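I've put the structures underneath this note.
Next, two complexes with chain A in common: one pairs it with chain B, the other with chain C.
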Partner chain A sequence: MIKGLNIKESAQGGLIASTYLGYSLVFWIFPFVWLLILTFSDWQFIGTPSFSGLDNFFNVIQDPLFWKSMKNVFRFLMYYLPMVIFASLFFALGLKKIKYGKSFIALSFLLANVSSGVAYSIVFSKLFSDTGPINDFMNSVFGFTIPWFTNPDFAMFSIAIVITWKFVGYYGLIFYSGLVSIPKEIYDAAELDQTGPVKRLFKITLPLMNAQIIMVVVLAITVAFGIFTEPYLITGGGPLESTTTPMVVMYEAAFQRMEPSWAATMSIFVAIISFTLIWVLRKLFEKNIEIV
Partner chain B sequence: MKKMSLSSMAIHAVMLLLAVSWLYPYIWMVLSSLKDTADIYSTGLFEGPFSFDNYIFLFDGSERVERPFLRTLFNSFFISITVTLSVTISSAFIGYALAKMKFRGQGLFKNFLIIQMVFPAFMFIIPQFLLIREFNLINTYSALIIPFLMSGWGIFMVSQSFKGTPNDYIHAAKLDHANMWKILVHVMMPLNKSILAIVALFTFTGVWDNFLWPLIVMQEVEKMPLSVLLANFSKSYGVYVGPVLAGSVVQTLPIVVLFIAFRKYFLQGMSLSLK
Partner chain C sequence: MRLSNVKVTIAGLFSLALVAGCGSEKEESASLKMWVAPNAAQEVFWTAVTSEWNSIPGNKPVEFTTIPATGSSEEAVMSALASGTEPDITTNIFSGFAAQLHGLNQIVDFSKLEGYSELIEQRQMHNIMTSWDYDGAKPVIPIYVNPVMYWWRTDILKENGFDKIPTSYDEIYALSEKFTIPNKQYAVQVAAGKNWWDRWFDFVTFYYAQSDGMQYVENNQATYNNEAGLEVLGFIDKMFANKWANYDFGANDPLTTGELIGAVRGPWDISRYEQQHPEILKTIKLGPIPTKDGASDKKTATFADSKGLVLFKSSEMQDDAWKFINWVYSNPKFDLEWIKATSQPPARGDLTSNPIFSDYYKNNPLAKGFAEYVDVAIPSASTSETVAVQRSMTQMLERLIFTDSEIKNSVDTSVEEVNKLLGK
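On to the complex of A and B.
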């Protein structure tokens, strides 16, 4: 009796799970196989793909646009990582000291994180435009304006500002959760040793928050390689291709230049580079910290 | 003692100021969307006159420039709600099978879910487009819905939470001859409300906010989601700052309302807490 039930249940469980496997077969495994076929063939959306060996790989590696977009990701990270980590740490440290209105403050920052990409891209392009309120303010206080999105030296920095705005609430709360889990006794002991606040931050707080810092860096790198909406809508990848991200390059290659096999090959390169970067950073900076 | 409270007051003031400046883009967007385009850059933030003209243009007059905003707003709701219902219900069933039933290949199934989550979505966009094209679904609602009907992430999240529910509840229900449907609806779902809310909310905001995929598969304005029409309107009629900002408000509002109403679940879903 019991055994019969188990067999029935096993069949039922397998049946339910297989609906997802069937779905994945069509919408995940089949595309995955197509991705591999595309990378080894020359195809322009019509006819049968013809085998082309490793041609796509060489074409991608030799394409200056690919390298330009990679360079842009690293330029973005150069601005974004220090900016967002500093701002999020500041936010977390401040939030810890707050007694009243804590949830209002935290939610104000988090609201930026759930906003819609298309909407805030439009809003920021207007806010930072030549005649927009930010430049208006700059002009009346400092007497000059900044070509935020129209100068190739500034445009990527400005996009980093927008994305920092979006993620400080999220990363800040990750830092905050690390911050509150540090036992108070450690700080009491440091106080007895007359350790100054700066030394406490660098010798106690930051090392004990290693796990959270690594997590934020990994999230930030993942974000960096996937940026599309902001450059597509605000700068169109310009000026002078200074904000063309890999996603913009792949989109334009596949759907405007009609080179899906080139774009598919590039997506594999981009995935490998982002994984490698994350792996190297974790190897270098991740520490196992135990609080005794 | 007095000095302490002074520095604490300063921190409160700085943090409050920062919070308001983080909200500033929202405040500017809402107030500017209520102004005439000519006044947006030339008047102070709180200077009027304010009116709903931009919204009236958006929903009433924009048909003339072939931008059916009201229609695309319904499209966005239709697509997001359909996908959310499908993902939440399928995740509950499959999550239950994974957490509480035994079947062959269970371990493999779980590993498959994890492998799927590791691969970045951008690798699949081109081959998925080819698939949708192969099915002749370009420019249909199906193209915006079918590729998102089930979610490995949703199944994984639900099964992790279901595992925490003691088996005694299920045995008790089985003694009362409850079938799987009844166990799910009367036992598992009420006991795991927050994970289902998290899956539903993140799925809804994800689909609502999705831009790249509908941009690729949908060229017909009548069937576009609001995000794509708004981007398209902003690109060709960017000088109409007033209506463009009104459209941005409409695009942002549903997720802001959801976020404020269900902030507890959003925080849980990001595995954050404010304690």
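On to the complex of A and C.
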């Protein structure tokens, strides 16, 4: 009887799991195996891939555009990380102080995160263009303009502003969840010890939010390696390839130069570099914080 | 328990079916499948044409859909070829992509089909077809040839004391000096944008005009580091060095906002302006692409945004497909329908001499202006490396605009880069 019941349970379990297994087989394992096949072969979308050994790996490493796009990811992170962490933290601290309409404000900020990349890229390219309203305003008030997207030194910074706008609500909510989980008693004790607000922030709030900060940084790194729509639509990867990201390079290689094997190989490099970066970051900065 | 086993089996079969569904087997079809550009005007045209064809007894029915929504037509076609879901015929193929498809042995050489020579003869397309030659093969039937021209706001030109349209670099310098207010208004647009495809509408267009139609890639070698290329880059460089040009006008059309007096535009802009800016359209006058010495009696060469149709070798109904193509393009009535629907000049050499089009062009002088330049409009170079070539051209321009790079160094670097790539 018990044996029969176990078999029935297993069958039901198998049935439930089969949809997920089927899904994984089609949408995860198949593309992954295909990716591995492509990296060791030469293929142009049509016909059977021919084995090419490690040629794709050497070709990617020798391509200056690959290295340029990698350098651009780090340039982007240099602007984006401080900007998005500061802005999100500021948003979370502000949200904690607000008494009414919290959900409405949180949702308003979160709206940017679910907006269409194509739509807001067009809006930002209009707003920040050399002859756009922001530069018009700056010219009339301060007497100068900023080449937001047309200066090789400024363009990536401007892209970072756009992406910060998109993610500030999302990361802010993650920080907010960390902020509200810090027991009030700790702040009360600090107040009794006459600890100032700056010291409280750096000695209590930020250390106790280590998990959330690490999470946001990890998410930000994955964003940095994955940005495509904004540079592709706003700057076209320029000027002087200063905003060419790995995704732009891989997209152009696969679908415009018709070299999907090359693009697949580059994606392996990108994955290894981003995973390594995240692994190193977690090893160095992640702490196991327990509030007892 | 038995029921559960059945459920598990069904689920397993379902998963297998999902995987099997990704196979590339093509089903035999009773009708010809055709893809057309995702453009309302072209859909109107093809709806009328296919309805007429399908109503003739004995014809293999043609069903058309727009090219599936992806990043580009090229991406959609390549994805379809990879999965074996390509149609029999597709339109919207530009010369560079045709070179790739021909290189991959995917498209039928029309010149080997019966009736091809007669069709070309009847449409007077010999000159046009020289730009669509792939090692002697003719795997594309060009559908339209959109010469790009300079559009001038005559109202602003007059306000600034220019009664004549500028056609030489010196005239543009003079106009720029008078009209430019940095970050506010500029005389002309000499850089069309930041993406690789924008080079078709600045450097390539200026180069064709200055070189009298010479190709920038010939026999797998880049050639634009010649005198014409240097003249064009010198012009662009001087415009930016004097702050008479801007690289970024945002997503607005600066010609409609008065930020510009002249810019490169194509016939497709006529219907857009008719709908959105009819008052401004009344002030527009066409001019040739500016060159160092300006216009002469001879028409100035220009770039042609030209697209054609191809027939895939995988089609099991090649004879029926060719019969349909031949039927459409051997009847000038459809060309007239095409112009009326899209404002784009059909690819034929007798547009201004064939009486069937005379009424239309009489009532549409701007469209006529474009049609007159069809015979000197040259499409993109027939290279499978179009993206890489034009990416390199973008770098060449940006080095001039944003750094102190010398013109000669900048063009030589680009040509060297492209030759290395084409030599692979």
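Definition applied: the second predicted complex is superposed on the first by the 266 of 292 C-alpha atoms of A that agree within 3 Å, B and C clash if a C-alpha of one lies under 4 Å from a C-alpha of the other, contacts with A are read in each partner's own complex, and residues count from 1 in each chain.
Just so it is clear, a contact is a pair of C-beta atoms (placed from the backbone, for glycine too) under 8 Å apart; a residue touches a chain by one contact, two chains touch by 3 or more.
The structure displayed is predicted, hence computed values, not measured ones.
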Report for A:Gly132: first if it touches chain B alone, second if chain C alone, otherwise both or neither.
-> both
Partner chain in contact with A:Gln12 - chain B first, chain C second, else both or neither = both
When the two structures are overlaid on chain A, which partner does A:Phe30 contact: first (chain B), second (chain C), both, or neither?
-> both
Determine, for the superposed model, which of the two partners chain B and chain C contacts more residues of chain A.
-> B
Report for A:Ile122: first if it touches chain B alone, second if chain C alone, otherwise both or neither.
-> both
Identify the partner contact of A:Tyr251: answer first if only chain B is touched, second if only chain C is, both if each is, neither if none is.
-> both
Regarding the shared-chain residue A:Ile46, is it in contact with chain B (first), chain C (second), both, or neither?
-> second
Classify the contacts of A:Pro183 with the two partner chains as first (chain B alone), second (chain C alone), both, or neither.
-> neither
First (chain B), second (chain C), both or neither: which does A:Leu21 touch?
-> both
For A:Pro207, decide between first (touching chain B), second (touching chain C), both and neither.
-> neither
Would you please give the residues of chain A that touch chain B in one complex and also touch chain C in the other complex?
-> 11-12, 14, 19, 21, 26, 30, 122, 126-127, 131-132, 251, 255
For chain C, which residues count as touching chain A in their complex?
-> 1, 4-5, 7-8, 11-12, 14-15, 18-19, 22, 71-72, 74-75, 78-79, 81-82, 100, 104, 106, 183-184, 193-196, 198, 246-252, 254, 259, 384-385, 387-388, 391, 394-395, 398-399, 401-403
Chain B residues touching chain A in their complex are 8, 11-12, 14-16, 18-20, 22-23, 25-26, 28-29, 32, 40-41, 45, 90, 93-94, 96-98, 101-106, 109, 112, 116, 119-131, 146-147, 149-150, 152, 155, 180, 205, 208-209, 211-212, 216, 227-228, 230-231, 234-235, 241, 244-245, 247-249, 251-252, 255-256, 259-260, 263, 266-267, 270, 272-275
Seen from chain A, its contact residues with chain B in the complex are 6, 9-14, 16-17, 19-21, 23-24, 26-28, 30-32, 34-35, 38, 91, 94-95, 97-112, 114-120, 122-124, 126-127, 131-133, 136, 165, 168-170, 173-174, 176-177, 180, 222, 225-226, 228-229, 233, 246-247, 250-251, 254-255, 260, 263-264, 267-268, 270-271, 274
Residues on chain A engaged by chain C in the complex (per definition of touch) = 4, 7-8, 11-12, 14-15, 18-19, 21-22, 25-26, 30, 44-47, 122, 125-132, 135, 139, 145, 147, 149-152, 235-241, 251-252, 255-258
